[in-house]
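Listed after this line are the structures, all set down as structure tokens.
Look at the two complexes coming up: chain A is in both, with chain B in one and chain C in the other.
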Partner chain A sequence: MRRFLQRHVSQVALSPSLALIAIFLYGFIAYTAAVSTTNSKAFPRFDTFVGLEQYWRLFHTPRWHVAFTNMFLFGGLFLLVTISLGLLIAILIDQRIRAESFFRSIVMYPMAMSFVVTGIIWQWLLNPTLGIEVMMHQLGFESFRLDWLTNPDTVIWALVVAAFWQGCGLVMALFLAGLRGIDEDIWKAAAVDGIPAWRVYVFIVIPMLAPVFLTVVVLLSLSIVRAFDLVVALTNGGPGVSSDLPSVFMFDMAFRRTNLGLSAASAVVMLGTVLAILIPYLYIETRERA
Partner chain B sequence: MIDLRISNCNKNYGSLRVLKDINLEIERGEFIVLLGPSGCGKSTLLHIVAGLDRLSAGAIEIGGRDVTDVEPKDRDIAMVFQSYALYPTMSVRSNMEFGLRMRGKPMSEIRPLVEEKARMLHIDHLLDRRPSQLSGGQRQRVAIGRALVRDPKVFLFDEPLSNLDAKLRASMRTEIKKLHQSLGTTAIYVTHDQLEAMTLATRMVVMKAGEIQQVGKPEEVYHRPVNLFVADFLGNPGMNFMKGHLRLEGGRVSADVGAATIPLDGYAFDTAPTDGQAVVVGLRPESVQPSTGGEPFALTLKPTLIEHTGSDNLVVLAMGGEEIVGKFPSDMLPTLGEPVTVGFDLSRLSVFDAQTERRI
Partner chain C sequence: MLNKLGVLGSVMAFALTTTTPVFAGTAEVIHWWTTGGEAAALKILVEAYEKTGNTWKDNPVAGGEAARMVARTRILGGDPPTSMQWQVGAPLMALAEEGQLNDIDEVAKDWDKLLPKVIADNAKFEGKYVTAPMSIHGHNWLWGNQAVLDDVGIAMPKTWDELIASADKIRAKGYIPLALGGQSWQEIFVFESILIDVGGRDFLTKVTYDLDDTALRSPDMLKAFETFAKVRDLVDPGSPSRDWNITGGMLISGKAAYMIMGDWLKGEFVAANKVPGKDIACEVFPAGGKTLVFGTDAFAMTAVKDPAAREAQLALAKTIMDPVVQKEFSLRKGSIPPRLDIDKSGFDACAQIAMGAAADGDLFLVPDNVTDATGIGALVDQMTTFLHSDMTPEEGMTAMADAVAATR
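== the complex of A and B ==
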């Protein structure tokens, strides 16, 4: 027994958490997948097997299409805005500026806030009768209009702005770490070669940050698919269903519309989306390590 | 013709004086090696010449033009770094071409130039590879190639061989020397490796704590160090030092070092010696040899330790309360504890004032 323990101490130490993961993560994933093949309403019922019918129904639900398209629209804009501005801020902070930690803290601060708080803050700021619009009117800009929250065509921008405000700090920190990791001599060599700074960034430094980009894209993509609390707090899917995301759809189906089967099907589709992002990433990561 | 002139160069970081009144004139075609322990300011001086660091006071002239406030790219210099500093996302060819392209040189001129220099450095078969696919030695060749294609007035080397293993370092050293002989371009080379300094330099500059200690040909600095620091810093194993006093008797000078009295009749004093002056007498291990009977000065000493280096035997000899090291040929192996007669080559003596530590 002692010898067994000595030899397998690491496995023994890990086994409780492995067991928990097996049951509560993979077990429930399998359970959800099973539920998605039933016609369960308020409670899971396995005697109502319907095969893939819930998936067929899911992809014929207009609201799901809105939610699923929104995910890509919101995701694309969010990635673009957060990565480009996060990188820009990181580059600015990397210029050996004074009071660097002060600016770093400012950018990082929103990260410490939960999405619910973020959502409520931006709900106030974007509220036409409370926030920025009123402030601009008081400053004399009477024609200023900021109706993102009430306009179905632009409400997605409200989500993007709030999510960017929250996620920018992390992206900036990752890029800044990457920039700091670049050999000083590269900059000196470029200075001697007479390469202007912006060209050094475009042709040398940013390509060198490729692994950071990959990490950032994966982290942000996962947060896009998971995005739920921000939408609930900021727009609650509205106006109408115009700012719905798959996670909100799933929650609604499961707990308000008592349609567990359809909800489970949407959860499985979301899982598939996440895997489609993660598997190539893990593949590239492990191939690079090997 | 002076290619590079450094006048009254000072560099301070706050109250810390990194460089103190450096003056140096470098003729066209010289290979100057800046040598010194870490923190002596040699790299800072090189960076100032390159324009990567601003000087606090003083002036830099390259090719007769004052470049004190000129950007690095307009100074007509090229630099090779310790970490190679190759652009990792570009092929070897692009690395070598990039600087010239930025200068707006037409590709029709760049191509043949890059290929010629690549052949010269034996990296022409690597041109389409990425730096990450090269070995350390190959990377340093590429870095040198990138500097060569620029055809600068002055080459700057910042410890370029420090990241290589011993064997590669020796062969790269030879190549850099050959390269300099065939190109004849002025070069400044920073290193803390005295072997590199001795073999490469046409003139070397020994620095300590931001000040130049000695400038001269390698053999001159080696055999006639101006102070104790230079004497001690150069040479491996280090110079033997014997503390003592000068004695002036009937027009003859000798040094009383406790266990022996060393005659200094043949020594060329820089300053007039005084009787009783406290001195340190220095003699390199290779000037302490087993006696052949013909030396004007020999002592019988007891070996206390022998180190075999392959080519020589380093013999530690007890001399009074002190120890001195002799470099014996490998076929001369004394027995521990059995006195041997060693001859001192007094023409290679260095005598320093014990107080000022200067050569006298």
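== the complex of A and C ==
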């Protein structure tokens, strides 16, 4: 018995959590997939099997197209803005500046806010009859326009700005840690060769940060797919349905429109999207280890 | 809170000093009446109910959706509240079909004569009442700031053509023609009133109840979209996503001339010391449409088995339909009573118009309580998408009809 425990202690210790994951994660994923093949309304009913009809319906719903496109639009812009500015701020802070911890705290603070609070703050700031626009008018800039929130074509930018403001701190911290991990000798060698600092960054340091990039992209991508509270607080999907995201769509279908079948179908499509992001990452990770 | 303690205290004192009635029970009620006016109205109901010797166990949940979710979870968990606020019509029937409701016919024998037919029909499952209606709110009201209208020199419009024609004069004086909160649940009131304007009650029925494909692609529908497209120019740039009460403030303060909103907006008038029907003119819009779209506050009776709980439930149904309670409740809530035999004295001019409309059979149950939620939801999504885009009326009409067709 004792020898058995000694040999298999890790398996024994892990098995309860494995069982929980099997039931509550994979079990419910399977359950959701099963519901998506039924015509369930307010309650799940498995006697109403309709095959893949809900998926056909989903992709004939204009609002789903808006939501799905938005996820990539918002995601792409959010990744681009947050990574590039986050890296830039990290590099600036890395210049052995005075009061470094002060600046670091400023950038990190928004991270302590929940997305709901973030959403409401930016809703007020960007409201054209209440926020920054009014302030600029009062300062005398009468022609100043900031109608991102009320214009369906630009509302995605409002989401990006708010999400960036909240997520920048984390990205900055990760990059800063990565920069601090770069060997000092590289900088000394570059200085000896007389290479300008920006070239060292572009050709040597940033390529060395590749693993950090990967982590940042995966972390941000997951927050994009599950983004829900930010949209609800900032725009509630408006104007019209122009800032809808798949998670908001899914919630609406399940609880407001009492259409569990369609909602489950959209959840499965979202899961597919997450897997499409995760599988290449896991592939690269495991290949590197091997 | 102090009030509640006071009520509790008097109940306890009552229980200590008198003999308890044989069937005294406790009714646990889930509802979403938490704001000032709502709480004052609820107090009327609670006090009348506790006079019957039963106890009211208050379970308020802020927000209708949240409250319904709590109620549904409790029912699924086998521990239903005695009663809960729940809409009449399709949502009620869905519960009844699951066997989750008790009928209350014992106390509802004469309700058919007292209630408008549309409410009676939608409050019954297999011919028996399963809910008690407390109050009615109308949706397609046009409100006009009288001071602004006087300043511009116009009267309340009767039709959409008149309203749109007056917009230039209103703008010339520096006012916003229409205060609109650009959220889909507010915009649908505007759209519904346009549907009535274009094709009357029959057309509204075909579009919002039947989701009839022919009607959705008809010349009348195109006309409705042409009018709806003009609404884009009637509103101010801050309209998208704005909350209804802030939007109401624009009407009350005289920044905007008109607003289309349900009659719960009257609560905001009263808070600002404006008299509905005098400072703020009102009209079921379009006038002469003979259609008042309405929603009902009603209390569904769950399938409780315990005899004491059952008695408490029946007593609650009886109290809700009590003529005095119905009147006093609606006076405080700003609604109108569902009972048709309540005298109009004491109600404001707008409520009296609504009571007249109810008596004339003009009530039209809100499509949310009638139509398949996914189908009407697709219609609402396309309605709001159109308003916030530069689609032509033809494009808007086709997009809506296609989206609705995909839900079938």
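Here, the second predicted complex is superposed on the first by the 280 of 290 C-alpha atoms of A that agree within 3 Å, B and C clash if a C-alpha of one lies under 4 Å from a C-alpha of the other, contacts with A are read in each partner's own complex, and residues count from 1 in each chain.
Here, a residue touches a chain if its C-beta (ideal position, glycine included) is under 8 Å from a C-beta of that chain, and two chains touch if they have at least 3 such contacts.
Computed from a predicted structure; not experimentally measured.
> Is A:G240 in contact with chain B, with chain C, with both, or with neither (first, second, both, neither)?
second
> Taking the superposition on A as described, I'd like to know which of chain B and chain C A:T215 touches: first, second, both or neither.
Neither: A:T215 stays clear of chain B and chain C.
> For A:N39, select first, second, both or neither according to whether it touches chain B, chain C, the two together, or no partner.
Neither partner.
> Which partner, chain B or chain C, is in contact with more residues of chain A?
C
> Considering only the touch criterion stated at the top, classify A:T154 as touching first (chain B), second (chain C), both, or neither.
Neither partner.
> Given the touch rule stated above, what does A:P62 touch, chain B (first), chain C (second), both, or neither?
In the superposition, A:P62 contacts chain C only.
> Have a look at where A:T258 lands relative to chain B and chain C in the superposition and call it first, second, both or neither.
In the superposition, A:T258 touches chain C alone.
> Identify the partner contact of A:F203: answer first if only chain B is touched, second if only chain C is, both if each is, neither if none is.
first
> Residues of chain A touching chain B in their complex?
183, 185-186, 188-196, 199, 203-204, 207-208
> Where on chain B does chain A make contact in their complex?
Against chain A, chain B makes touches at 47, 50-52, 71-74, 77-79, 81-90, 98-99, 102-103, 146, 150.
> Show which residues of chain A lie in contact with chain C when the two form their complex.
41-43, 57, 60-63, 66, 123, 127-130, 147, 149-150, 152, 235-236, 238-242, 252-253, 255-259, 262
> Using the touch definition up top, name the residues of chain C that touch chain A in the complex.
65, 69, 72, 76, 94, 98, 182-184, 236-241, 373-374, 377-378, 381-382, 384-389, 399, 402-403, 406-407
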